[in-house]
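All chains are identified by letter, namely A, B, C, D, E, F, G and H, in their written order; residue positions are counted from 1 within each chain.
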């Protein structure tokens, strides 16, 4: 039962006289924001953005994350990103249904069956070191209801490997390109396909790679027009952007 | 005849003795790049990208741009960006059908009627100084076959102006947010709508605005998930990205 | 009628059957942003911020600025900053009452008599090159209804000059410190007075002064606690911040 | 008994002949600086700045901090910032009256009752990760004699949460805005209230957040005029600046 | 007579009493730098570096450049880079034999016939805007005695164009890659050929291209191993580096 | 038996009828890319680049590196860079023939005898702290079939030490200069020799050395023309570049 | 009468009843800064610093500079730096005795005969493009009473030229090294002489020279210990620093 | 017996026939560079620079440092900087005469009595956190034969403390100013004294202090002319520069 349903039920209850105006006022006053003390969970969010509840794990304690899963997991699906193995172990001790993906560093709880939309997303990576970011993107896509496939290790220094996988890539509606170092893969893919491309620079590399800023700037100045970019190592954000596109099909 | 077929024929030729090992070695050396079929046809660029011919005007002479319009304009639609009034005057003296948009600084020639797709794009700007970039985006959208509307001057310092226009913004399939200075508009819009958002930082501002880099970094670290970003002042690129999304509807 | 009242009426209407659930859903969807009462009244900006209409001149044409003065100057006081002499001449040809301050590069029109509040502001500058920024601050303070005095050329390399003027500085309620190069004046003044200090770094200097960023960073890391900082060369912003403080006296 | 009182008593003693000139000279010679060996404590400071004794804990040993509390805590209130739990435990073993706030990472000793002034300060934060900085500000405000309230988790991606708390925010005389990532909250609040705003960027975020510099630059280029800024994560400095403003009321 | 011989003679002179200890001390004080034989002969620079006389034009007056051509051009070949058309017109009025290449912005005077070595150099460019840098490299190669061919406009966004020219590129002994924006061409070429590659980033682009630094950093972090890089827009330096390689063949 | 040999044998087998076309198709389909799961090893690479298999150790687990050595080490020589002692111990427990160089932090396995080419490479270092990078370069050169000699501790602050070793340096065909701090050694050597120079900045230093970027920028702006540069601390890349040059002799 | 005397008198006055406690409090409040004796006499600046009146010309109008020369030139020697030819012409029309040095871009007026001290200063430059900065330093040294000699064009790419001039350089008491691009000359000279060295980075170069910051950082990280550095292009400041050293001889 | 003496004895031995030419050649060949394997100790250095042997400890193993002390400590004084307590313990176990200064992090061995020159050096620090750098400078001055006094905790936020110590500071011939955060102390001292000033920025601070770069840039742009600067935290370098100045007195 999502926020929209709850809201509708409340109005019906008032209409039917099962709830009076004062009670309605009381419930609606805090409706968009359910107070957990340390984090205010916006229950309107799924209604507003079409996304499930998401927790950014970095900087939170295992106890905080555990509590959020316990409370929110009774109603909705939950996804937590940037979760260390220690955090994960604590949460799983509280909520055995929660699934940990060590490479993606995500925790996910699927309370309600995910209804997949029609679109597909291809996640293309330059090297094996980019896989954690790609996996974070893949898990996020799945939780947001879009099928996603990873095409890995097709960096531009061995460009025939990319060509071998081009037909797979072209089957997707949206393409996420994950690359560190010089990030050239986004430009090359951008010249070969007509789909929307979301590029994710990664912090892979050293020295002149500037912790991912070289790849970031490279992708922003791509000679292939129409490439858009998200923050360094932000596989989650790229997946959100890609799913906002595939969700357009779902709505129509 | 695709790459797979060519490879098979080569092996058959060697099996049959129609080709010797040295010839086979020679041909196989470049095989993965020798014939890719789909990438060979540069003239079919519009088929590949869905875009008309585009000229980046900066750094080119009026004569060079004029020549390109004269040659390409007999067959296809042409769009030139970053065109100064002097360049424009020269080109229009050669090709009277070419249209100049002074604010957008674009030249466009519509040889063939544009077939508009079903999607619509909203271009939201923070201040009036962001309008040139927004106009570049609008003209590009139109040339690429998508209807676009500018919603201007709804910056976050007077946030009720944004709310007044929210219903218009929500009618679009894709939203382009154009903002300079601190670029906060992308985050605020991102929290209010569920559509894909392409954010364009502009170089409006001085000092700590760092010629647009503050807005760029701000948009990349937006607390609203799923915002994607293009280069500073790159209204053209944002339009390309937005149209790649609306074109998905056209194709389906 | 505030937001709370509107919400209550809506529920009563549903209870009474004057509105059905679908209509309620529709209205509630945007409720938190639909009607905030206090934010809707843009024309009452001066009520909200206590400031007159202000125009940022840079990037606007003389015609645009002239038009704004013509329209707004019939009702309210108007202040334009970053105005070149050419712009000023054009505006003055349209509105002879407009006053141009060449050093401050401001245009001001005083339609209604300014009612000065009780607070005073001291504007302290390190060198003569910082005067244009100081003057922009001074004119802005005056237009916003606060008396302001400039104490100039008291940079730290000749620190006794600062001490000679200390009693004047201490008479103000708020102190604006304007300094370029290494910007050390803010720290020294901050150690000598107990009033609020707003520091303005200027772009005076070359090489390692980094167009004002060295002074900016210097002021942000001041060893004198409680110094706050605005953007480089932003005399206008410093005056706004100072007047927001002196306006607290006016309100009480 | 503060420094002002001590100074007055000394002059009275000379006037009364209880102390001769040579003794007076001897005491006054070192009056402003009491030597603790490793740190010279400026006892004139409270007279000069209106603030109690403050220690910046980072880079000091637990022994050094303990000694300062032991010596200064017999006369005055003391506040130490950036104190680790280990440091705190050591100091508390020496001075049991000292209070440790783990989230704010401050140690405080209230020897003399705090006399609160009339002004109030609202501390507004974007997300839960900004709370430690907000708490440092709150504790500092309290020690400096100003009541402060934290309004947390009202970031711009869910802007209705901010509107829900606006009436609380508007009751304050000064507003401190604490935000990381893109720091857009300062601009949005700045557009909604007329009070002085001190913005504190935090180092919350990764990649393009540049350890807080994106929020810092964002706040410096805020489109809402009159926002002033302090160093990254500097909750203490923001509180000092805010209290310098509220102290203006106390003095008048 | 080399340094070793001089040292020996000095000791013999002391042994023989032809020099006393003080004289020996005096001479030995600077010995390691006093006479190095090979470095003394500046006029034999071409012998040392294999290069003709070269003038960096930027920041010099037309008169200064004209004078250098007049004096040096009687003996040797001369090459001047970064020469504006105005400078060139002045020099040519003095020395009619001097040749100006407007695109390369070079002046060259071939007093003695150039003896070409066996090596060949391919200069590959991403876009037409990179041509001035490529031409500077080509003219320099020619003046230094190596044949050079430009393969232009083979940027990675249309990668089949690169493949079409691959056989030409592979015929060279050294490859210079000239590219701006994201500079990805160096990585792609580096993955396709086994020859030494010298990459030249260009300042083509805007915003996130950072005046060529994005391309520079991109090339330094290339995933294709063995790519070396020169300064932004430094076509001359790349040609020098390439010719130092081809000169190895000439010497052997 | 290298990739070229394997390919030739396959074609001969088809020619001779020992293999049919379907079997050939099957083997060739994945020929350039042998799937190890986590890393796709490009077996065409040696054919294409002339280099043996190389593994970048950073960010890989000891298990992953061990597996690669076990699989690839049966056919080819293998070199791994950036290998910690812990990684090395694990790999050596699996493959006792693998050699670890602690200073260079490389693992190398020489399955087939290295055939050295005619060229020689001199690796010149400024200080002892640059030795790890120089050693990485030396080991790489050896594995790539070029003899290399390190000339260490000849930094410019004691320039006579450089002159003492100049004759040794001049015997090489290619010179790698490794230097941190201000990296001036590249310019000085570049003025004294005519051979190609590959400069490697190192991260040696603190403060203004900017983790190697000062040396990097210094080398890129060297007043000695023809110096090329690789990434900070990239001894491996410098060796690759140098060997691409010496390999030119081998081919001819 | 120094500060100590004033303090004593104050206490005596209170003791004697000539001053009451309130008056004493008032005077003591600012005591440490109220009267420092030595800092009050700004007109005796030359006494304090040993320097004549100096004007920084940049950003001043010809009229302002002319007025300063007219007023101050009746009493003292005057030096103006960063003076354009237009400024110079105006000043010379007012004060015919003023001397303009076009390369140094300085104006100087020698009203009183300069008394030269015993020290000598050598100004060493890397290239001819560094001469304007060197000349500014030389003129400043002369005006400050120290003989200075320029040793030009001895950059490290042709290091024997430096050795040829070493005996001249070693005769000076202080050495100023002026160099752009990679600024390596400071390190090389620093390794060859024992005198104090003041290094001036210049903005000569392009791209990676970063407008002089590469030379600046290079000089700050010099491997030759004891090199000190001034701002980019700051020939004036280097001369001031050098003359403060030679003035030590004059004083003793 | 220093290097100069050794060299003289060698020539006398040859003059007297106690050594033949071949033996002299053999000894002189390597004279300037004594090979320790890992570090070449330049025995000419004291002759050339007037400084004792100095070791930069960072990045060296305790064993390497111990060996250097053992070998060189038999002849000369030795100073090692940036030495951790662990390194120090190891060296002291080998050479009990070696002295460790924990705050300065230096090891020093005084084999020959230090002959102090006439000059004195004042080391002025802003805060207690700057003391480690100041102590490194002080120990270095002492080892180089100049008396040095630290004047600590006189930062500009409490400027009267500086005035109290001014007479002490003015007794020195050279002044080293050590300051972090905004580094304003160098400017203030520079305006109050006429002696040469060497400024050392420290990495004290956080956020906008940029690990010492804000202080560095601040000092380079000081409005007090004649301030020179060394690298961040480089107390050793400042002492070297200061002693090069005081040594000028010693020589004369």
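Heads up, the rule we're going with is that contacts are C-beta pairs under 8 Å (C-beta built on N, C-alpha and C of every residue); 3 or more make two chains touch, one makes a residue touch a chain.
Since this is a predicted model, take the numbers as computed values, not measurements.
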Hop distance check: chain D to chain F, minimum number of steps through touching chains? 2
Could you compare the number of C-beta pairs in contact for A-C with that for G-H and name the larger? G-H
Out of C-G, C-D or A-C, which pair touches the same way B-E does, with over half the contact pairs the same? C-G
When centres are defined as mean Cα positions, the distance from chain B to chain D in whole Å is 50
For chain B versus chain G, what separation do you get between their C-alpha means, in angstrom? 54
Take the average of all CA coordinates in chain A, do the same for chain D, and state the distance between these two points in whole angstrom. 39
Where in chain D do residues touch at least two different other chains? 32, 158-160, 164, 192, 207-209, 216, 220-221, 225, 231
All chain pairs that touch each other: A-B, A-C, A-D, A-E, A-F, B-C, B-D, B-E, B-F, C-D, C-G, C-H, D-G, D-H, E-F, E-G, E-H, F-G, F-H, G-H
Per the touch rule above, chain E residues touching chain H in the complex are 7-8, 11-12, 14-15, 17, 20-21, 24-25, 28-29, 32
Of all residues in chain G, those that touch chain H in their complex: 32-33, 36, 38-39, 48-51, 54, 173, 191-192, 194-198, 216, 220-221, 225-231, 236-238, 240-241, 243-245, 247-249, 252
Of all residues in chain H, those that touch chain D in their complex: 128-129, 152-153, 158, 160-161, 164, 204, 206-209
Touching residues (chain side chain A, partner chain E) in the complex: 126-127, 155-159, 181-184, 187-188, 190-192, 205, 207-210, 213-214, 216-225
Hey, which residues of chain A end up touching chain D in the complex? 32-33, 38-40, 42, 44-45, 58-60, 203, 211-212, 216, 231-234
